[in-house]
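These are the structures, in structure tokens.
Shared chain: chain A. Partners: chain B in the first complex, chain C in the second.
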Partner chain A sequence: MNLFLAQLISGLALGSIYVLLATGFNLMLLVARIIQFAYPHFVVLSMYVCWYVLRVTNDNIVLAILAAILFAVFLNIVTQPIFRHLMRRREEETDINITFIVALGMSMIVTDVMSHELNEGFAIAFPEAWAGREAFIRFGLVTISMGEIFTLVVGIIAVIGFFYLLYRMKLGRSFRAIAEEPYVARLVGIPVTRMGIYSYAIAGLLGGIIAVLLSLLLGSASAGLGEMVALKVLAVAIVAGLGNLLGGLVCGLFLGIAEAMVMGYFPGSWSNAIAFVLMLVIVLAKPHGLFGTRV
Partner chain B sequence: MPLQLYYFLGLTAIFILMSWTIYLPYRVRQLYFLPVACMSASAYFGAIATQQWGWPFALVLIAGIAVGALFAFVPALLIGGSPLFAVVIVSLTFIFIVKTVIENVGVLGRTTGIFGIPPVEHLLLITYILLIIVGFFIYRFEHSSLGRAAAVVFVDKDVAATLGINIKGLGMLLQTVAGAIGGMTGVIYAFLMGSLFPDFFAFAMVGTLITMFFVGGYTNMWGVIVSAPALWGIPLLLPSVVHPWRQVIYAVLLVVIVLVRPEGLITRRTVRNVANKGRAWLSRLTGIRK
Partner chain C sequence: MAQNKVNLLKIEDLSVSYGYVKALKQASLEVNEGEIVVLIGANGAGKSTLLATVLGVHRADSGTILFMGDDITLRPTETIVASGISIVPEERGIFPSMTVWENLQLGAFHNTRDAIKNLKRVLEWFPILAERRDQVGGLLSGGEQQMLSLGRALMSSPKLLMLDEPSLGLSPVIVTELFNIIVDLNKEGYAILLSEQNARKALECAHRGYVMETGEVILQGSAQKLLRDQRVRQAYLGG
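Showing the complex of A and B:
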């Protein structure tokens, strides 16, 4: 029972990260109409920036957090003209597919830069103090770390904050209007292009927060992490239904909990594969997603 | 033949075949990467069949094709008519699962791989004969009623359904054939290289194939014939310090080509122009006018 509880909390922490990732991914899909497959790679690259700033500033946590967030926002906004150029040339909805190809190219660049250039290609490990690995709650032999609790709390706050923005603020209403019907949104005076840029910035902000939380939760990162996370985010988005934000919330949490449970009860090397098999079964049974696609 | 040229020609053929496995399902607008998993499954199957059971190459090749086809057929029953991104995620997930299985099962060599697969005589010749046969079948498919049906599905699924085209059936057929080609390529790869590593059949491979396919041109089968040797060969001609950046070169090329020339280097119009010029040159040469 203790193990179950510990894995549940760990799963909720991991799940909240998946929810944030799926939310950022879906936001760009709904408002900017792109499949930003490289988004999780940008998050991992921001983790590297966070790690680097910690190293050069003698573990200055505030600067590291700021650097990770600003870098994620910067990366996301820098890619915006490329996708805009692509979308301007192609009006048909099906050409959203080609944005995936460009994003795939970007993800290849980021992965290769990380695997060759950063830390000489080796995985990075965050300092003990930063990663918060010390036990916060202990049930017998099972412990819950400070990092997991912090990730869970900040993750929940970030999710609530984002959904508040989306459903209670003018900016969020504009986002939802564009997601529902971009042409009508333009007719009623919503600046669709500017909103698209805002969506990149907000997704970048979320990406920066995720980078900080992931580094707290995992305590390390490697070049291959981006691919792994990208695959999971795409799986969550598809299982939930592409562009379905609430579906992403449910499926992200589900994947996080399922993965933590598998990690708790099965050998480590199989945990990701079992989580993928689970997602695969759902995608095979419901290719349009559990909650219906919004794109 | 110099060893470097031998491997260059062999791997070029392998990449052309694998790019065609992406091309076939893309005719019905499905981005399908499962042949990479079929390739690895058949390659490992082939290695074990030769080393442990003593099967001859011909039998391994046939069995490899069957393994690849079966591997693709089972999921195709469910995703034959699925939307593009469901197919993407299913195929990427399969690649990951197959890689995890290989890395965790002792008989498959785990992360260290399998070594000592015996060489086959005239393998390069056999590979190019198979390449021509596969190319001929794809060409015939393109010019058949099935190929035209696939072209309609590519342009508009609703119109295709209205015309009575069995979209799911067509998707299943193309996915299974792509899996069979992937299986065949896996066996050839195993015997060409003599060793297998799970890392080869991973995400980087998908990136390479996508680059070859989209840079060459996704609207016809000829694009990859130009792009595969060019993309595989160019990094070999560059200084050795550039070699580790092969994937970055591919990725930059992919992004630039999609932005500047979305249909790729070889478009349908290019193929038509080349065919017309070829015909004109032939008629000048033979003096026969149509």
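Showing the complex of A and C:
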């Protein structure tokens, strides 16, 4: 029972990160019409920035968090004109596949930079104080770390805040309107291009928060992490149904919990394999995802 | 009827093309304050293109569009909507998965200041929308969706209301009701420009009309004159 509880908490923490990533990914897909595969890579690169700032400022946590968030927003916004250029050349009939190829290229560049240039290609480890490795709660042999608790709390607050924005605020309402009927949204007077840029900025902000949470939860990062996370986010988004925000919420949480349970009850490294076998089965049975595509 | 001839919308020699296809050929048109103006013509005559171009959706090859004296020809759609033109799109164009309430709020994107006041008026016009407030738009009947679309267009306090084929796909009873509402809205002070294939109904409630064919305005005049016109009767009123 204790083990179950501990795995449930770490699963929820991981799951809320997947939810945030899938939602940021879906937001750009819906509002800006791009498949931003490199989004998780940007998040991992922001973890590197966070780590670097911690190192040079002698563990100044506030500065590190700020740097990670600002860097993620910056990176998301500076890459935006590339996609916008592609979309403009295609005019009305937007070819979403081309944005995927471009994003794939971006993701490879980011991975290569991390594996060749940053920390001489070695994995980075966050300092003890930051990662909150010390046990917060202990039941017998099972411990829940400070990092996990913090990730869980902030992750859930961020998910609630973000869904509040999407479903209760004017900005989110406009995002969903563009997602549903882009042409009508334009006729109604919603500034579609400007909203597209906002979606990048908000996804970037979210990415920065995710970078901070992920570094707390994992305590380390390496060049390959972006690829791994990106595949899972894509899997979550596809299984839920591309562009389905609420579906992403359910599937993200489910994947986090499922992974944590597998890690708790099965030997070692099977969690990834199980995640992808599950995805394969679901997509074969329901090609439009569990909750239906919205793109 | 339309005694005051204050000009609201003035389109001069407007040409628009899609690739090599000329969709509008030097079309000219005017809407004065307090008027209902109808555009009649068959499918593909350029009515919808004209309305969309006024809203800045298509880029004009040549010609000008003046709204309250300002040249709006090359302005982005959101600016044009904010300056006082709104549209009820063809096939209603509501957001089906969003609630009635959210659909209405989207209409107030540029006019949040008057949103409460406008909402009150819209709900007075269309009490059914108050009842259906929390229902998603896709579950409304065709007529209710048209009311929603109209209500949404009114949320931005427009001076000119454009309706693109408003009677399309609606039952005759609802169409009659719809045109009554259009006349009432006009009496409230909204200038109205509508495109219609249902030429008789539209001309009966309009002050003036324009007949379009393959991108050109081929005929114009008062609604009574068009109703009596031999060519109009043959082509659009069934003889």
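Basically, the second predicted complex is superposed on the first by the 291 of 295 C-alpha atoms of A that agree within 3 Å, B and C clash if a C-alpha of one lies under 4 Å from a C-alpha of the other, contacts with A are read in each partner's own complex, and residues count from 1 in each chain.
Everything that follows uses one rule, which is that a contact is a pair of C-beta atoms (placed from the backbone, for glycine too) under 8 Å apart; a residue touches a chain by one contact, two chains touch by 3 or more.
Not measured: the values here are computed from a predicted model.
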Query - Touched partner set for A:K170, first chain B, second chain C, both or neither - result: second
Query raised in the report: What is the contact status of A:E181 with respect to chain B (first) and chain C (second): first, second, both, or neither?
Result: second
Requested in this report: In the three-chain superposition, say which chain, chain B or chain C, touches more residues of chain A.
Outcome: B
**Report entry** chain B versus chain C as contact partner of A:L216, first or second or both or neither
**Finding:** neither
Query raised in the report: Which partner does A:F276 reach: the first (chain B), the second (chain C), both, or neither?
Result: first
Query raised in the report: Touching A:G189, do we find chain B (first), chain C (second), both, or neither?
Result: second
Report task. Could you tell me if A:L12 is touching chain B, chain C, both of them or neither one (first, second, both, neither)? Result -> neither
**Report entry** chain A positions touched by chain B in one structure and by chain C in the second
**Finding:** none
Report task. Would you pull the chain C residues touching chain A in the complex into a rising list? Result -> 52, 55, 57, 76-78, 80-82, 86-87, 89, 93-98, 102, 105-107, 109-110, 112, 152, 156
Query raised in the report: Across the complex, what residues on chain A touch chain B?
Result: 35, 82, 85-86, 89-90, 94, 97-98, 100-102, 104-106, 108-109, 111-113, 116, 227, 231, 234-235, 238, 242, 269-270, 272-273, 276-277, 279-280, 283-285, 287-288, 293
Query raised in the report: Once bound in the complex, which stretches of chain B touch chain A?
Result: 29, 31, 75, 78-79, 82-86, 88-90, 92-94, 96-97, 100-101, 103-104, 203-204, 207, 210-211, 214, 244-245, 247-248, 250-252, 254-255, 258-259, 262
Requested in this report: Provide the residue numbers of chain A that touch chain C in the complex, in ascending order.
Outcome: 170, 173-174, 176-177, 180-181, 183-192, 194
